[in-house]
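First subunit A sits with subunit B, and in the next complex the same chain sits with subunit C.
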Partner chain A sequence: MSQSYNRGLVEDFGRWREFSAGMWAWIFHKFTGWVLIGYLFTHIAVLSTALQGDAAYTNTIVALESLAVVRLLEVGLLAVAVFHILNGLRLLLVDLGVGLDSQDKSFYASLVLTGAIVVASVPTFISGVF
Partner chain B sequence: MAERYSSFNPGGTLWLLQRITAAFLVVVLAFHFFLLHFVHHADEVTFGMSQARMSSIAYFSLMITFLVTATFHGSNGIYNALVNQGLSGTKKTVVKWTLVVASVVLVVNGVLTAIAWSDLINIGVQGIFG
Partner chain C sequence: MSTQVPEQQAEETEAEQSAQAHEQTPQQKRQDKKRERQEDAAKRLQEEEQRREMDADDTYHLKVFRFDPEVAAKQEPRFDDFYVPFEKGMTVLDALMYARDHYDSSLTFRHSCRQAVCGSDALFVNGSQRLGCQTQLSDLEEPVRIEPLPHQDVVKDLVVDMEHFYEQMHSVQPYFDPEETPEGEQRQSKENHEKIKMSTRCIWCAACMSSCNIAAGDNEYLGPAAINKAYRFAMDEREGENRMQERMEIVEQNHGVWRCQTQFSCTNVCPKDIPLTEHIQELKREAVKRNLKFW
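And then the complex of A and B:
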């Protein structure tokens, strides 16, 4: 009665040419998740300079924020966070069974909205460093 | 069409917690970015400004909850991504406990940092580490 179907590991990235929109959404969500947890550890490590006192913390933040590369990385972080948030909302709706028929369109909408928010935010993020 | 593509066991506690923390993080992560990059700018951050925010019980408790939920969501996400990738046996156990220890270290470091800023709790953290 039952048929077995070996589709291998779900994350068989060698099949990337066959991936649908939903698969790309899943991969992007996973990639942005890895970046965000990596950043969380870095973020707390930088903030914990506050344990060394007022000056150590303020000097560390001022020094980092004066670097153009840090500002550009912050733009990248914004892109990663916004996509993870928007696609996360999409996933929550999918889990609730809402909008299943348009899950590919909501992925494209997440990408477009992420791009728009990031581009609009660039002036704020790089102000005063160049 | 009964195939499932989720990384999680259906109906599991970790699955539910991942969704609950996601719903919380969607809102708080967006708030965090908005407050610290658009209302205030990252290059204007000083110890005094962080201290003023962290001395509000509402902000302090929100940030501690943010730290704990983000750490859980990230570590649990990584664990499930690796299990989905085929992690099993002894390696799975090692990864699980490494993530548990790393998460505890991250949360403790973050809480100590928050306490160092805050006027709400004075346990002499700066005296210990400064």
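And then the complex of A and C:
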């Protein structure tokens, strides 16, 4: 916006170190929302192999689930989904004007809870591939 | 600091010279040398202590943004260092004034009331929008980095162009404008006053606007301060229902309340503690109530 010269990092994302809780929540929510949309397409692609018959679908699933990368991505997907849901509930409360004074705490709570759920899920997701 | 350190060095060299000038026996010379060394060591220790003390308590290290399109040497923005002697209760504005009055009279910044009333000295201090006059140096980590408000054109040093902010403020018609004026006083109920009380406290400092990521990306966005102004009058019952409808139409526009993504950065920085996000959200709900009818 400043035409006279480039103020560099003052004006752009280079200020991320100084972002407050609500700003991070917004960035994470955008990011996770779009990752979920991305996953939706992958999900449909995998499911639609069932159109070629039972065996094709089973083969696809077994092949995918035998890959360590896929298992790791699943953990990531869970993290993204859980955070999006928890922060989504937070945003719904914010829209209703409920608990606005603790919006930062509810963001941290979303993060901690997401972390806990993801860690707890790791054994289930990882079992058998490593 | 800059004056004290060279003074001590001068004293030291004087002492050395006078010691050398005397005619002495070798024994005396040795003793003298020894004493000198001891004195030197003690002095160095003392100096070291002083310096540490100065660094810790007595001076504050400011890093101040400098820019001046009219001076060749300052056309490239840079940061200048100032070491300002600390006094209890000193604010960022006090420190800037000291730096200007003692070190560099060309250092430029706005200020007037010095008590968080006029709204002229919103600055970007250690990564956050604050009023210089309301921010205690002792609450800040050193070096204290002082910059002009981000997302506004810099005119010179810490002075930014406020024109756009004022335009946004004016676009919400920030004045009391009732449909009917009764005879005599126009009284407001206690409850209604409580409701709008916080929103009336705005001092037009633009800290909120500067902190807002959305306003940074959308120049037409009304911004937190203007929406809060609109709230102050829309929620004032004395203006009447039709006037409120008109005001709601202003905030519902494309670049109005719906741009707000509830990041709370404005609420966090507002020096008058106005719950800006709360007011914006309330206007959003009011807009939905007016436009959605299922019955």
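One rule holds in what follows: the second predicted complex is superposed on the first by the 114 of 130 C-alpha atoms of A that agree within 3 Å, B and C clash if a C-alpha of one lies under 4 Å from a C-alpha of the other, contacts with A are read in each partner's own complex, and residues count from 1 in each chain.
Note that in this section a residue touches a chain if its C-beta (ideal position, glycine included) is under 8 Å from a C-beta of that chain, and two chains touch if they have at least 3 such contacts.
All values reported here derive from a predicted model rather than from experimental measurement.
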Contacts of A:Leu93 with subunit B and subunit C, given as first, second, both or neither: neither
Which of subunit B and subunit C A:Leu73 touches, first, second, both or neither: neither
Comparing the two partners subunit B and subunit C, which touches a greater set of residues in subunit A: B
Which of subunit B and subunit C A:Ile126 touches, first, second, both or neither: neither
First, second, both or neither for A:Val62, with subunit B first and subunit C second: first
Subunit B versus subunit C as contact partner of A:Arg17, first or second or both or neither: second
A:Ser48 touches, of subunit B and subunit C: first, second, both or neither? first
Partner chain(s) touched by A:Trp26 [first = subunit B, second = subunit C, both, neither]: both
Interface residues of subunit A shared between complexes with subunit B and subunit C: 7, 10-11, 26, 91, 95
Touching residues on subunit C, where the partner in the complex is subunit A: 67, 69, 75-77, 124, 127-128, 147, 150-154, 213, 216, 219, 261-265, 267-268, 275, 277-278, 281-282, 284-285
Touching residues (chain side subunit A, partner subunit B) in the complex: 7, 9-11, 26, 30, 33-34, 36-37, 40-41, 44-45, 47-48, 50-55, 57-58, 61-62, 65-66, 74, 78, 81, 85, 88-89, 91-92, 95, 121, 124-125, 127-129
Partner subunit C, residues of subunit A touching it in the complex: 1-5, 7, 10-11, 15, 17-23, 25-26, 91, 94-97, 100, 103-104
List of subunit B residues in touch with subunit A within their complex: 3, 5, 7, 19, 22-23, 25-26, 29-30, 33, 37-38, 41-43, 45-48, 50, 67, 70-71, 74-75, 77-78, 81, 84-86, 102, 106, 109-110, 112-113, 116-117, 125-126, 129-130
